Amino acid sequence: MKYITTVNGKEFEIEIVDERHIRIGDRLLTVDFESVSGQPVFSLILDGKSFESFVYQGDEDWEVLLRGRQFQVRVEDEREKRLRAAAGGGVAEGCEFHLKAPMPGLVVAIPVIEGQTVKKGQVLLILESMKMQNELKAPRDGVVERIRVKTGESVEQKQTILSIL
Amino acid sequence: MKYITTVNGKEFEIEIVDERHIRIGDRLLTVDFESVSGQPVFSLILDGKSFESFVYQGDEDWEVLLRGRQFQVRVEDEREKRLRAAAGGGVAEGCEFHLKAPMPGLVVAIPVIEGQTVKKGQVLLILESMKMQNELKAPRDGVVERIRVKTGESVEQKQTILSIL
Amino acid sequence: MFNKVLIANRGEIAVRIIRACRELGIDTVAVFSEADRNALHTRYADEAYLLGPAPSRESYLRADKIFEVAKKSGADAIHPGYGFLAEREDFSAKCDELGIKFIGPKPSSIAAMGDKGKARATVIKAGVPVVPGTEDVGNMTDDDLLRVAPKIGFPLLIKATAGGGGKGMREVRNIEEMPTLLQSARREAESAFGDGNVYLEKLVEGARHIEFQIMADAHGNVIHLGERECSIQRRHQKLVEESPSPFLDEELRTKMGNVAVKAAQAVDYINAGTIEFLVDKDRNFYFLEMNTRLQVEHPITEMVTGVDIVAEQIRIARGRQLSYTQDQIQFNGHAIECRVNAEDPFSNFMPSTGRITHSILPTGPGVRIDTGVYPGFEITPYYDPMIAKLIVWGETRAQAILRMRRALEEYRIVGVRTNIPFHQTLMDSHRFMGGQFDTRFVEERFSMESAAEKVDEAQAEIAAILATLVAHKETERSTHIVRRNERDASNWKWVGRWERMHR
Amino acid sequence: MFNKVLIANRGEIAVRIIRACRELGIDTVAVFSEADRNALHTRYADEAYLLGPAPSRESYLRADKIFEVAKKSGADAIHPGYGFLAEREDFSAKCDELGIKFIGPKPSSIAAMGDKGKARATVIKAGVPVVPGTEDVGNMTDDDLLRVAPKIGFPLLIKATAGGGGKGMREVRNIEEMPTLLQSARREAESAFGDGNVYLEKLVEGARHIEFQIMADAHGNVIHLGERECSIQRRHQKLVEESPSPFLDEELRTKMGNVAVKAAQAVDYINAGTIEFLVDKDRNFYFLEMNTRLQVEHPITEMVTGVDIVAEQIRIARGRQLSYTQDQIQFNGHAIECRVNAEDPFSNFMPSTGRITHSILPTGPGVRIDTGVYPGFEITPYYDPMIAKLIVWGETRAQAILRMRRALEEYRIVGVRTNIPFHQTLMDSHRFMGGQFDTRFVEERFSMESAAEKVDEAQAEIAAILATLVAHKETERSTHIVRRNERDASNWKWVGRWERMHR
């Protein structure tokens, strides 16, 4: 199985040769790869070098936390890669953005109203969690739509709070 | 539900009144009982006193490890208790005893032979495990039967090694 | 002399206090909210009583319920820990009234230092230098504050009168942004302390936050246990502390220590307390405030002095003399504490909640961890995000930093995101290693991203391989599941056949 | 000067050495058996190489494979830890031959001390007192030994010439039982060390086992780091160690320390080593043997002296001078170590194997843990049963005991049985508290049962309630399962209906 894996804009061609070997470019490497205690913690021994890492599945990419650094990694097989290239790539601007609560909390303030034009980085909502007030900001310019919560209300994690058109 | 629970020969009558109460003798006590992290570790808050304990199921009794001390506890409901009383109690002597490996290991020596009469406490087998030689002894007087392993052989935990009639 | 202590707190500090009591042979009573039934403090104490629902206002801030528990359990002393009711004059006074020993200072000392304005006035009288600001606070309206602000000069700080821990604190660069900031500061202060009052203080630029640990007994003895460097902060929350401060020399240490003792004496202080100073780049120091309680970062002082501060607090409350004179306090080596918070440093330090599914603590020589969490415990949004304190000791500062690096690298917590990568990046930064930082360092001259730029190709390749292997495993696994499901569906297929057969 | 260390060991000591290397900025190479792929040392090292199957003979004792790994990885030094190849003269010599720095003494010192007979002869020459015994050992047959035994006098000890850790050791009360015991001692020695040779030694009754930590550099400096009291043993296995010994006064400490230094000098010793003494009730002391390696119990010495012994070993091997002179070694407070073994103290200390499913470590002030296990790790029957060392420090012995008690009470390991209850019972025993014990204490004057007799009615009642609640929960749960299975069976019922309908 061959994968094209992208980290920070750089592509790596990685082939899973068998249980114990991978090929990266033209180098054949010995791998010994284990998940630890059934957790998303992985131990990799690559040609004798020992690495340990948290690997989480993000929305589209994988998040790899290695020695205090986090990498966004996209793993695609050749077919997926071709499909994405054909689709022209890039998320369409202008499509609706749904602001979701990143954690459970209490809505402390909503400094915007429906129909209001907002700039990227503008505060949309203040959510109190763990005794801290957290500002949720607009990821891009747009117009606020459908505010679904009220000040003083509790929200669950991932609950949709409002949308930006 | 009423239970008759025996510890060190002393009987306790314990009634589970509801989720939050038990009656022991004529005292009604408030209980808050939780298993911790889905493990055989239990947290008990009994009328405000907080206890924590390992509770393991033994062959017939429960083993309760509380503050560094282990208790053998038998829990029976009234019906079970009556049945056991009717049966006359006590394990029949004379019945066959199967010596099982208490842990995986290597058989180092078998100082007895089939048909040999042994005394309680006599060494039946030496099992090496964790770099220690462990002597497995006869729990009672009897005659050695069916030795199922050989010196130098590896045994699994709970594997039957020999029997005593 | 008391024999049963109620710990009016939760988390690591409640566990810390239970440990001290146990080592002194004193019985302990825990109180817990519904979210903390299985918390370590509930499990470790001799007795434990439910206070109420998870939110602090309905549990850990309910003084009335806590006194009920004290009465029911026969607890004859209360240790408040930090936060919650620790700096409430009325709580301490009520303890006195009920004949319960409050393990902390007298109500009058809390009052004198708790109101930041009064505190400043008191220490000024005792000859202690302070940062210029609105000294007669408490009743100032927004209009008053807006009027006085230009006299203090910008930049300045809005601070909560009842405050601490950076809550209700805002930095103001000019008069225009001040009204909005006043509003949000008051809102946060109201929510955190039940008191929306704020005051203003000149912002000392390029300042270090350095504090002195004070111990005082009821017999008039007051000593200090040296300083703690607490300049590594984000949003006015301390993240890393160390002792001694790489910025202080012996002369300045002695001078500031003496001033700290004087400040404590000015309010007849008893028990453990902390005098916080700002030190500017010219080594001028200003009294900032006194924390009239045990401090989160007390362990680093314990590591370099060998004094068990919590045990000493209890001894003092029992009426004993201090176990040490100032001369007996020797500083040995260097200690660093990293506060491990359930926050994602790669997502703007957003709090992270969830169940801890797995954890491996760094251990071995010179490493101490104070924590209240364990695998299976749920991190809820109700309380402070700090889940552990990682403390190391080394013979030198350099050794302590190296040890902290290896400890951070070993630490595994799965189930919530933590700021461990932040600490790793910090411990690798040349400015931190060089001791060159002030209280603005983290926010202004540090970023997770800038560090990431230094990533070498080799590490990116390893990350690529790791993700590819995990993705490959996932694909294989899901293929298996599909196959298994096919098998499982066979019963239904069979039913389908029956249907067809008998149709 | 080397820059990459291969650790020829496993478990907690491999982790300990990796930590020291990391804190010194030295790269590490782990070796592992098939059973240890996910062990902490394999995970923590910079590099890791498989040696072979789980049994030690096929992995950790395979010097040839270890040298292969050293070559492949470019490791220019080897730390042997304790056990396995640590005291093999040939291993150390082969390192020299290959130009790999052996972090330990010279082959000649290992040889001189490794053969217990030669060791005795050597130190006798240096004027060090020894226990009477068969000094010219190595070639003695059973017949020889049986002949010489009555001259030494009973009781006596059979000890393995290549031995250590109580393996191959047997106590002989009379000549009649001696042949059987010789046989089993040789068998155990053969299995543990690949060498069945044994020798005899007079059994000093009422003796304490007290050892001195030695540090020696390549420049002729030799110091001691004080003593460790190791009399708490079972089957000649140390279970608890403390420093300082409650039995020694300053005078005897100085005297024994000097003798220990002399013994080390007698074999031109370099690096860390330990001189073991027996001390009888009249304070006469006898040289027992020298362990020419790092000791399991080294952390208690680290706690009371502040010296990082493993880091110092590495510095010495790098050719540096000792970091301390004898005068600079100060003893501060008291440290105790409990060895946590996977053994059931309620079933005659039978080893226990299995997967650790859950674990909570005691933490907080004065507590250190050295371990190589974690939740999810499997304890196999192949290696030593020691899974962790729990070490505490206190200002006094009493405080250390109280701290150890609270730490033991907090420690949770689920999945294997451990001897933690043994340690709890010991820490509660008046004789231990009073410092009144010798090497026979655990076997002759201590039992888990006798302690159990003191159980009060109240605790038995709590145990009864706990078991009843668990049993009740179990019954309820199994009832639920039955009900759920009934529901699950409905598909099949439905098939049954189909059958009937269409019959």
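So that you can tell them apart, the chains are marked A, B, C and D in the order they are listed, and the count of residues begins at 1 in each.
Note that in this section a contact is a pair of C-beta atoms (placed from the backbone, for glycine too) under 8 Å apart; a residue touches a chain by one contact, two chains touch by 3 or more.
Please read these numbers as outputs of a predicted model, since none were measured by experiment.
The set of chains touching subunit A and also touching subunit C is given as D.
Comparing the chain pairs B-C and B-D, the larger number of C-beta pairs in contact belongs to B-D.
Rounded to whole angstrom, the centroid-to-centroid distance between subunit A and subunit D, based on C-alpha atoms, equals 47 Å. Inter-chain centre distance (subunit B to subunit D, centres taken as mean C-alpha positions): 29 Å.
Centre-to-centre separation of subunit A and subunit B, using mean CA positions: 51 Å.
Within subunit C, contacts with two or more other chains are made by residues 44, 358, 374-376, 409. Across the assembly, subunit A contributes residues 37, 39 that each touch 2 or more other chains. Across the complex, subunit D is touched by residues 32, 34, 36-39, 43, 45, 48-50, 52 of subunit A.
Contact residues on subunit D toward subunit A in their complex (touch as defined above): 30, 37-38, 42-50, 72-73, 374-377. Residues of subunit D touching subunit C in their complex: 15-16, 19-20, 22-25, 40, 44, 299, 302, 306, 308, 310, 332-333, 358-361, 363-371, 374-376, 395, 399, 402-403, 405-406, 409-410, 491-492, 494-495, 498-499, 501-502. Only residues 1, 3, 5-8, 10, 12, 14, 16, 22, 24, 31, 33, 35, 37, 39-42, 44, 46, 51, 53-55, 57, 62-71, 73, 75, 102-105, 108-109, 126, 128-134, 157 of subunit B touch subunit D when the two sit together in their complex. Per the touch definition, subunit C reaches subunit A in the complex via residues 167, 184, 187-188, 191-192, 235, 342, 346-347, 350-353, 357-358, 380-385, 408-409, 412, 414, 420-421, 424-425, 428, 448, 451-452, 455, 457, 459-475.
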